[in-house]
Structures are given as structure tokens and as C-alpha cells.
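The following pair of complexes shares a single chain, subunit A, combined with subunit B in the former and subunit C in the latter.
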Partner chain A sequence: MTKQDILSLLKAKLGAGFMGSTEPIHDQLWVEVKPEAVVQAVEILHRQTPARYLVSVGSDERDIKKRFAVYHLFTFDKDHFFITLDVTADPHTPRIPSITNVIAGANWSEREIRDLLGIQFENHPDPRRLILADDWPAEVYPLRKEFDYSQKPESHPEQAYKFKDNPPGTTVVAMGPYFPVFEEATYFRLYVEGEKVVDVDYRGFYAHRGIEKLGDQTLTYNQIPFMAERICGICGFVHNVSFCKLVEHAADIKVPRRADFIRTIMLELERIHSHALWLGVAGHIIGFDTVLMQTWRMREPIMWLCEKITGNRKTYGMNLIGGVRRDIPRTLVPEIRTKMNNMEKEWLAVLDAVKDDTTLRMRLEKVGILNKEGCHEWAAVGPVARAADLDMDARKDHPYCAYDAVDFKVITADSNDVWGRTVVRILETLESFKIVNQSLDALMELPEGDIITEIRQDIPAGRIAISAVEAPRGEDVHFLLTGGNNRPERWRVRCPTYPNLPTIPDMVRGEQVADVPIIVGSIDPCFSCTERMEVVDVDSGKIRIYGQEELSSWTAKHS
Partner chain B sequence: MFLKKLCAKAFTKSLWIYHINTGSCNGCDIEIVDVITPYYDAERFGIKLAGSPRHADIMLVSGPVTRQALPSLKRAYDAIPDPKLVIVVGSCGCGGNLWFDTYNVTGGVDKVIPVNFYIPGCPPRPEAILYGVAVALGLAPKKVQAEATAEGPIREGMWK
Partner chain C sequence: MLRILIMVMALLFLSPLLEGILRKFKALVHSRIGPPLLQPYWDTLKLLGKDNVRSSHSMLGPVPAYLSLAAVLLAGLLVPVGGSAAFAGGDMILFLYMIGFASVCVMLAGMDSGSPYAFLGTAREMMTSLTVEPVLFIALITAALKTHSFRFSDMAFYQQSSGTSLSMIISGIALLLGIQAQLSKLPFDIPEAEGELMGGPFIEISGPTFALYRWGFIIKQLIFSLILVQIFFPWTFGLSGLWAVLAQIAKILVVILLVGLVDVVNPRLRIDQAMIYYFGVVLTALVGLVFALVGA
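Presenting the complex of A and B:
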């Protein structure tokens, strides 16, 4: 479907509900709809077109446009563009209809907007707290402009999260917040009947660090890439590239080709070590520690290689808007090739060992089923969707960096289960070796040293950009509305675990209790990404400058 | 010195470590797991990751302690039997990192529970984690000297 088809379809069906449309950037369509027409518009996109829901973003625009705004983001994967539905909410009593009854995957986004901005959603099926801590007072909304970033409201324990009632005849099994097989804090409350899981409730967001308010008063476009990298310690470079792409897109900055290839190489190295890490952790979860030890042994040379290229094993600090900070010299290329070849050989051995292992297959096959329809409903991404035979990969659908110049396959499977996800990840890693090798060929051709574009003018305010980057866990989507003072007005990160995690109840219902950890593990959950709430708002004109005295008093305090 | 003597006396056998993540980005956590895998192999020192705080001697904390994780951290700390050591891994736990004073972050583990050793880094290398734990156990010498600040000399570590 082309943009024109979509526009005429929406215009015809919505009538007066359709308020206008623009095309801010070539790969975007921006449609304003009236609040009363939004449910119908979403229904049309979700049911009658190939659109895929991404995320909803709330924004406090009372200073500039006298309104709260909610943006519903969709993508047309095969037509390579994004569409945004722009809905206005009243600045005093913000209230708009909920779209969760049409798309289940919008549940978290809407609850998040309610928690942080205080926009109420009518007819939301599950209006419980999602992000804020259990003792956070009601009606204090940290993302509103008037809220100071370092304010720490008093404790109100009566606000604590209310779990679902036990279904009759069931027992509660608590998994978390600190559960041995998960590295991170998360809480699954299982309702079980004997060994069978009947229902599950989830409470997460233990890693909500509230970075937005810090960015409010101190960070600029130049500094945010380093913070973006710290959203996640495993796929940090993905967030970093996503953010840089956003700004480059919004301000129309051209990146040198060599920088594109270097970014591609780093992204793929990250995918390789992340998939090796995942396979090990998955083995550990089902009690097969040999897999953990072997894959992590293989992964280590990749970490050393990353250190050699960038100076650090993780959080590379490599990327800036306009390019990268360090070149990969030609002298290093043969070493990278050798490491890739060695790892590829070992990885093929892993594939051989895993694919015929009866024990593994018995544990993983027909467990944690999520089919195509389920994926569409929950807007699932990455290996979870690809294991349900959905051909979806941001590297092909929305090409970025140098992915338009390299040749690789999108791996899919049709078994819908944990086994399918495992196979997809293992085979995908083999494609990554190919991509790295092709990018190295390109590096040998391109002139050394041309790695960053100097940006002389300011980033203009009021521009909009969306970027999608394929992280090891799935598609990572960033949304940006540029503002004044050299910082974003609104920056929203939707990491791949964010849509994948709410599918867990569907996957575990009817399964054995013992299978729950591997089912949760099979989406490769990354709670720190999910819970980051990486949003930067600009607090108009209010910039705090820290004096020497304050700084030294902190130093003393923290030493 | 007191601490060193006590360590030498109380922790003569294998040490079990309880790792708790209080809102970190995963970077430190994967490096901690890395320490027990073949290249670094902390288990050769008898160090083992324990699943429950009640089985542990040492608490390894990562993350800046978010508001939601705070009550659980305190409970886990109380659940570890005395004598116990607390080692903080990573810049977030040491001082709060980038988000040390945001609304949802406490800003450092030592604001909440007594901390004995700090392993800084974002994330610290596996070697650094191994070295930090080895210093804590008296297996390796310290490479830095304690220095005096405006608030007085830095303590060797607090002991509850």
C-alpha cells in the first residue's frame, strides 16, 4: 500500500474525524485525528491494512502548543514507511479513548503515559500502575514539565500494586523479584493448579531510572548518545545508533560511508556476542550448564575484539551524531577476519550439537507457543515474531547504516515455540559473520580517516523523526521531537522487550511451572531496556548551572 | 586492619556470593556471570554464586538502587547471615552514575546499606571484579592508598 492509498482510505472512513496530514520526512506520514475517531482509525490500520503497531508516545506540549499529545506509531514494513496518528488531549483534564481493546499491545504504552503524564484513557481494560514505584504518591506525574527531576516525593505505601485475584482453586507461586535464574529483578506471580499454570500476573519496572529529568536540565544532543548506550549493558550500541540516526534524520545530516560500515560491524559484533550469551543463559535455565560454559568461552574473544576496536568491552563510547569516533585501521582487518572465521567454525559445531540433542528438543519443542495472530495482536518483534513465520527485520524493512549494501538472509521458522526461537537465533548469528566479512571488504576499499561529519549549524527545533534498528532481541524503535536549547523536546525509546514481555501470559497459560523460566528466557528479556523510560524533555528556559561549590560538596559526599 | 583480621578468621572456607541487581543496565551483571565462566573461572578460588541470600557470605550489588528495588535490597541484606561483606560492582552502585539524583534513584548502595568494598567501572572488567573480590578476601594486595578528604579520612570499610 502506498501513502496515498492509506490517506484516501482513512479520509473516506473517518470523515470529519480526519483533521489533516503532513509528510515531515520522506519515510513518514503524519495524520491528525480527532480523539473520538482514534479508535476507528486504529481499527482500520490494524485490521484492514498490513500496518504493524509500534508504540504510543505521550508528550507534554502545554508550553508550545497548549495541549497534551498522544502519538500512536505504526509501520508498513514492506512499503518502508511509518505512519503516526496524532491525537490532542485537553491541557487541564487530559482524557482520550483507549485503543487497547483493539490492539492488546497498546496496553503498556497507555498505562505508561497515564503514570508519567497523567493522561487518562477511557475504557482501558487494565488501568493499574505500571512504571512508578509502589510507594509513589498518586497524581504526581514525573514527566510533566513542572516536575523537578531531583524531587523525591514522600512515601505513600497505600498506592501499592494490586495483583489480580486468584482464579478459584488455584495456588500462588511467586517468581521474583529476585529469582535465581534471572539476572534482573522482575516479579511473575503464577496462579497454578497442581503443576499447571492457569494465569500469570506481572510486576516489573524495578530498573526505572528516570533519566528523562536528568536530560531535562543537563544533557545535550552530544551527551545523550553516551547515556543511550547505558540503557542496556548488552545491546547498548543499538540504542546509541538509534538515537544518532534519529538526530541525523531530523536534521538531515549525512554520515560518511566508512562510518556506516563501522557502525554495521559493531552492531553485528554485538548481535554475535548477545546471541552467544543468550544461548548460554538458555542452557543454564534448563540446567544444561555445559552450553553456558562453552558459548561464553566462545564469546570472550569477541569481547576482546570489541575492546581492541573501541577501547572497552561494553559501552563502547564509539558513536556520535554524524559518525563514529574511532576508525578501524586496515591493519586490524585481518585479525577481525581470523576471529570471525574461528568463531564461525565453533558456532557451526554448536549448531551441530544443539540441533540433534534429544534432551534439548524435548524441553524446548511445543513449549511457549505464540502464533502469527498472537504476534500481530501483541505487536511482538524480533526472533519471537520470526519464529512464528513473520518475515520482519528492520535491517531489510527500514535499511539503515550499511545494511543496504550487504547481502544476508532473514531467518524465519514456523514452529511458534521456544525451539523455533533458539534455531532462529543460532542461524541468525551465522548471517552476522557474513555481514561482518562483507563490511570488512568495504572498509578495505574506502579511504581511511573519513569517519565523522562536523556539524556546524544548530539542530532545528520542531522536527520529528522515527528510527528502527534491529537489536539482537528484536526491533528497537526511537521517536524524537526536537526542541530548543540543543536538546530534544521529547525522546521515546521502545526497546524490543517492551512489546515481547506482555506476551508471556499467553505463552505460559496451560504450561508446566518448570517451563516458565525458559519461556520467559526465550524472548531474551532485557528488563533494563524495558524499564528505562528514556525520555528527554526540555524544560523551557530553565537550565540549572552547577557551581564549583556544589560540585565539590557532591564529590566529598560521594567519596 | 580489623576488617582484614575478621575476614581472615571468618571467611576461611569457600565463599558463596549472592548477586543482586538493583536496577542496573545488565552490563555489570553479565560481567559478573562472565567471572564464573571458563576464562576467568572464579570457582577455582572456591567462589560460587548462590541462589538464596540465606546461603551467602558476600553480597555483590550492582545498580543505582531504584525506589522500587530499595525495599527488596534491604530485605535481602537482612537475610544474609552475619558476618557478611557487601561489595558494590559498577559505577551505578558506587555513586549512582549518570542518574545519581533523579527522582526514582537512591543514588548509590552505601546510602542504604553499609558497603565494604567498591569495584568501580562502567562496567568493570571481569579481571577487576576478580581482583576486587580477591582484595576483599586478603588474597591480593591493595594497589591504592586511602586518602584524606575534607570530611576526614576514608574509612577502611564499615562493619555492622
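Presenting the complex of A and C:
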């Protein structure tokens, strides 16, 4: 479907509800609709077109446009563009109809907007708190412009979160808020009958950091990439690239080709070590520690390689708007190739061992089912969607960096279960080796040193950009509305776990308690991304402080 | 009396060495260096020196822990070492009671703690012992049928004096398949299931009390390997004296390493999947019994 087709369809069906449309950037379509027409518009997109829901973004635009805005973001994967439904809410009593009854996946987005901006959604099926802490005072909305980022409101400990009532005949088994195999704070409240899970309730966001608020209020465009990278301790580079791409898109900045390839290499290295990490954790969850130990052993050389390339094991600090900070010198290419080949060999051995392991398959097959329709309804992404036979991958659908120049396959499976997700991840890793090797070929040909475009002009205000980057866990979407003062007016991060996590109740209902941890694990949940919280990796080894001079001399030596 | 004392000491202070070897072996498969061989001793010492934090629901406190360890030790006294058992006053019936009683103590502790994880773990422990303990029972009955005696010392001599017996071998294999679950090793550590129940019946148990349960488990490892090696696979390969003792020790190590190997190359099964396997093991044991009845 072309943008024109969509526009005429919407115009015809919505009539007066359609207020106008623009194309801010070539891969975007911006449609303004009246609040009373939004449910119908969403229904048309969700049910009659191949559009896939991404996220809803709320924005306080009372200063610039005298309104609150809600943007519902959709993508047309196979036609490579995004469409945004722009809905205006009253600046004094913001209230618009909820779309959650049409798309289940909008549930969290709308609750988040309500929590942070105070925009009410009529007919929302589950209007409980999502993001704010239980003791946060009612009617204090932290993402409104008048709320200062450093403000600490009074605590109201008498407010309690209301969990679902026990279904009759069930007892509660709590998995969380601190549960060993989940590693981060999250709470799944299971209602069980013997070993069978009858229902489940969720409470999360225990560690919300308010990173987006910092982006809107104190940080500048050049600082945010470093903050964005700290959203996640595993796939931080993805967030970093997503943000840089946003600004480059909005201000029309051309990135040197060599930087594109370097970003691609780092993204794929991240995918490789993330999938190795996941496989280990999944093994650990079901008690298979041999998998954990072996995959993490294989992962270690990749981490060392990242350190050699960027100076850091993780949180590379490589990206700036316009390019990257460090080149990968040609002399390093042979070593990267050797490491890739070694890991690929070991990974093939893992594949062999895993695919014929009957006990492993007994635990993973036909568990945690989420089919195509379920994925569409919840807007699930990444390996969860690909294991449900949905051919969806931002690297192909919205090519960025150098993915248009490398050859790789999108791996899918059709078993809809935990096993399918496992297979997808293992095979995907093999594709990553291919991508890295092809990118290294390109690095050998492109001139060394041309890695960043200097930005001379200010980033213009009022521009809009959306970027989708395929993280190991699925597609990571960032949204940007540029503002004055060299910082965003609104920056929204939608990490892959955000749409995947709400699918858990559907996946675990009717399963056994023993399956819940591995089902939750199968989406590779990254609570830190979802809650935009920092994961700190504390190294207990010796700490040495390097002085400014030493550091400068090092930089000189290695650049 | 002296023999009993020596046997109790041996059970208490040699069994952690076996656990240490097992841990080293697992580390080898994991590509790890692993803890020092004597780590189980230090672990026990450390746990014994800790405060005893108890669930506020608990009425029994550490009592089941004492009973369970005592039961395991008494069972150990009945196991023949070098031809006869340290405690001559008991037979296999008492042994079965003691092993069963030790599991009941674990269940009691689970029920006593008032935690939902412990309740789930206890339910699983109950299902496991109800299906797995009959394996031990049937295997020993088979041996009793062959030897016309309930005494372990008679059973231990039987195959050496009247040749290898098919039914004994089959029962031995069934027992070997069953002890994986008896010892709560993967893929059958389902009652404790660290990943989902965080220790199941033991979730609320800490410090010295926990040390006693763990010690009991470690001693059980030694007891079960001894039973297997002494009664069902008693061959000494024509060796005598010190060499025969060494051969027995080597066999114990083989049994323990087999258990360790299965433990390390398997994920945890679900209880429903494990039950199917347990029934298979029970059937194997019954086949052994049938062979014994027809005289093989």
C-alpha cells in the first residue's frame, strides 16, 4: 500500500474526522484526526491495512501549540514508511477516547501517557497506574513542562496498588518484585490452582529513572547519545544509534559511509553477545547451567573485542550525532575476523547440541504459545514475532546504517513457542557473523579516518523523526520532536520489551508454574529498557584512576 | 559400639568429600575451575556458625532437621561395608522406614514454613517420593527374594557366593535410574527447583538448620552409592585385601560421577514429565521383581 492509498482510504472513511496530512520526512506520513474519529481511524489501520502498531506518544505542547498531543505511531513494514495519527487534547481538561479496545498493545502506552502527562483516556479497560510509584501523589504529572526534573513530591504511603482479585479456588504465587531468575525488579503475581496458572497480574516500573524528562529539560543533543546508551546494560548501543539516527533524520545530516559500517559492526557484535547471554540465561532458568557456562565463555572474547575496538566492554560511548568517535583501523580487521570465525565454529557446535537435546525440547516446545494474531494484537516484536512466522525485521523493513549494503536472511519459525524463539535467536546469530564479515570487507575498501560529519548549524525546532533499529530483543523505536535550546521538545523511547512484556499473561495462562520463568525469559525481557533504568556493572577488580594527561597521551597514541 | 561410632564418623566426614569431587566434576564439564575439593566442609562449617533465622509461621523449628539427619545416619548404619553392617539390629525394612522418614521430615519442614513456594515444593516432593521410593522398595524386595533374607549383609554376599543374577542387575539399574530423583539431582531437582521455587521446602530454612538438611542429602548420596555397589553390583574383579577396598571406592566414584553427568547435561523437567519417567523406572524395577519370582 502506498502513502497515497492510505490517505485516500482514511479520507473516504473518516470524512470530517480527517483534518489534514503532511509528509515531514520521506518515510513518514503525518495525519491529523479529530479525537472523536481516532478510534475509527485506528480500526481502519489495524484491521483493514497491513499497518502494525508501534506505540503512542504523549506530548505537552501547551507552550508552543496550546494543546496536549497524542501521537499513535504505526508502521507499514513492507512499504518502508511510518504513519502517525496526531490527536489534539484540550490543554485544560485533556481527555480523548482510548484505542486499547481496538489494539490491546496500546494499553501500556495510554496508561503511561495518563500517568506522566495527565491525559485521560475514555473507556480504557484497565486504568490502573503503570509507571508512577504507588506513593506518588495523584494529579502530579512529572512529564508536564512545569514539573522540574529535580522536584521531589511528597510521599503518600496510604495509596496502595490494587491487584486483581483472586479467581475463586486459586492461591497466589508471587514471582517478584525480587525473583532470582529475573535478575531485575519485576512482579508477576500468579493465581494458581495446584501447579496450573489460572491468571496473572503484573506490576513493574519499580525503577523508573525519568531519562526522557532529562532529555527534555537538561541535556543537549550531544549529551543525550551517552544517556541513551545507558538506558540498557546489554543493548545500549541500539538506543544510542536510534537517537543519533533521529537527529540525523530530523536535521538531514549525512553520515559518512565508513561510520555506517562501523555502527553496523557494533550493532551486530552487540546482537551476538546478547544472544549468547540470552541462551545462557534461558539455560539457567530451566536449570541447565552447562549451557550458561559454555555460552558465556564463548561470549567473553566478543566482549574483549568490543573493548579493543571502543575502549569499553559495554556502553561503548562510540556514537555521536553525525558519525562515530573512533575508527576501526585496518590493522584490527584480521583479528576481528579470527574472533568471528572462532565464535561461529563454537556457535555451530551449540546449535548441534541444542537441536538434538530431547529433554531441552520437552521443556521448550509447545510452551508459551503466542500466534500471529496474538502478536498483531499486542504489537509484539523481534524473536517473539518472528517465531510466530511474522517476517519482521527493522534491518530489512526500515534499513539504517549499512544494512542496505549487506546480505543476510531474516530468520523465522512457525512454532509460536519458546522453542521457536530459541531457534530464531540461535540462527540469527549466525547471520550476524555474516554481516560483520561483509562490513569488514567494506571497511577494507573505504578510506580510513572519514568517520564523522561535523555539524555546523543548529538543529531546527519543530522537526519530527521516528527511527526503528532492530535490537537483539526486537525493534527499538525512538520518536523525536525537536525543540529550541539545543534539546528535544519530546523524546520517546519504546524499547522492544515494552510491547513484548504485556503478552506474558496470554502466554502463561493455563501453563504450569514451572513454565512461567522460561516463558518470561523467552521474550528476553529487558526491564531496564522498559523502565529506562540504569544497570550498573560493578567491577570488583582493582581500580586505577588515570589522569587527564595520561588519557590525552593514550588518545594520541591510538588515534 | 566402636564400629557404630566409626561408621557414624565416616558417614558424616567422608561424604562431603564425595560432594567435593562431584562439584569439581561438574566444574570440569562447565569449563570452570570449580571450588576447592574441601569446599563442602567449609560450607557446612560456615552454615553451622550462622544465626538461625526462622519463618514466623514455623512451629517445629529445627526439629525436623535433627530427625531427618538422625534418620539418614541410622539408615547409613544398616548399610553393609566390608561384608557386614555396623548396626546388626536392623534390616532393610528399618532402612526403608528411615529413608522414608527423612523425606517426611523435609515435607514437614516445608509445610511448617508457611510459604507458598514451600507448599508447591512439598507437593512436588510428595509426588516424587510416592513414586520413587517404591523403586527402592521393589529393588530391595527383589534382593530379599533372591537371598531369602531381609538383612543387607546376606544380600551383599549373595551374588559373590552364587554368581551374578539377572534380576539383581535389572533391579540395580532401576535403582540407579531412581537415585537421580532420590538425591534431587537434575533433571529431577523439581521439588527444590531453584529457578522457580527458590529451594521449595527449604526456602525459609537457613543457617545451622539448613546445614543439617544439606548434610543429610550429602550423606544420602554416599548411602545410595554404597547400596548399589555393595548389594547390586558387588563384584570385586577377583581382587582382594586393600585392592578390593579400592575397587569398591572406585565403583562408588563411578556411580556418583554418572549421577553427576546426568545432572550436568540436562535441564530440569516439569513434574508431569518427570512422573512419566518415574513410572518407567518403577516398571523396570517390577521387571526385575518378576525375573526374581521366576528364578532368574
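By our rule, the second predicted complex is superposed on the first by the 527 of 559 C-alpha atoms of A that agree within 3 Å, B and C clash if a C-alpha of one lies under 4 Å from a C-alpha of the other, contacts with A are read in each partner's own complex, and residues count from 1 in each chain.
In this text, a contact is a pair of C-beta atoms (placed from the backbone, for glycine too) under 8 Å apart; a residue touches a chain by one contact, two chains touch by 3 or more.
This one's a predicted model, so the numbers in the text were calculated from it and none came from an experiment.
S.K.: After lining up the shared chain so the two structures overlap, which partner does A:Pro180 touch, if you call subunit B first and subunit C second: first, second, both or neither?
M.R.: In the superposition, A:Pro180 contacts both subunit B and subunit C.
S.K.: Looking at A:Phe288, would you say it contacts subunit B, subunit C, both, or neither? Reply first, second, both or neither.
M.R.: Only subunit C is touched by A:Phe288; subunit B is not.
S.K.: With the two structures laid over each other on chain A, which partner does A:Ala514 touch: subunit B (first), subunit C (second), both, or neither?
M.R.: After superposition on chain A, A:Ala514 lies in contact with subunit C alone.
S.K.: Does subunit B (first) or subunit C (second) touch A:Gly474, or do both, or does neither?
M.R.: In the superposition, A:Gly474 touches no partner, neither subunit B nor subunit C.
S.K.: Applying the touch criterion given at the start, work out whether A:Gly323 contacts subunit B, subunit C, both or neither, answering first, second, both or neither.
M.R.: A:Gly323 sits against neither subunit B nor subunit C.
S.K.: Under the stated touch criterion, which partner chain does A:Pro97 make contact with: subunit B (first), subunit C (second), both, or neither?
M.R.: In the superposition, A:Pro97 touches no partner, neither subunit B nor subunit C.
S.K.: Of the two partners subunit B and subunit C, indicate the one touching more residues belonging to subunit A.
M.R.: The partner making contact with more of subunit A's residues is B.
S.K.: First (subunit B), second (subunit C), both or neither: which does A:Pro256 touch?
M.R.: In the superposition, A:Pro256 contacts neither subunit B nor subunit C.
S.K.: Thinking of the overlay built on chain A, is A:Val172 touched by subunit B (first), by subunit C (second), by both, or by neither?
M.R.: Once the two structures are laid over each other on A, A:Val172 reaches subunit C alone.
S.K.: If you stack the two complexes on chain A, which partner ends up touching A:Thr359: first (subunit B), second (subunit C), both, or neither?
M.R.: second
S.K.: Would you tell me the residues on subunit A in contact with subunit B in one complex that are also in contact with subunit C in the other?
M.R.: Residues 180, 293, 297 of subunit A touch both subunit B and subunit C.
S.K.: Going by the contact rule set out above, which residues of subunit A touch subunit B in the complex?
M.R.: Subunit A reaches subunit B through residues 132-136, 142, 147, 149-153, 177-178, 180, 183-185, 205-211, 213-214, 227, 230-234, 236, 277, 280, 292-293, 296-297, 300, 303, 313-315, 526, 528, 531, 552, 556, 558-559.
S.K.: Show me the residue ranges of subunit C that touch subunit A in the complex, using the header's touch definition.
M.R.: Result: residues 29-32, 116-117, 119-120, 123, 186-187, 189-190, 193-196, 198, 264-273 of subunit C touch subunit A.
S.K.: What part of subunit B is in contact with subunit A in the complex they form?
M.R.: Within the complex, subunit B contacts subunit A at residues 19-31, 33-34, 37-39, 51-52, 63-64, 66-69, 71-72, 76, 95-105, 108, 122-123, 125, 149-151, 154.
S.K.: In the complex of these two chains, what residues of subunit A are touching subunit C?
M.R.: 171-175, 179-181, 192, 194-195, 283-290, 293-294, 297, 359-360, 362-363, 512-517
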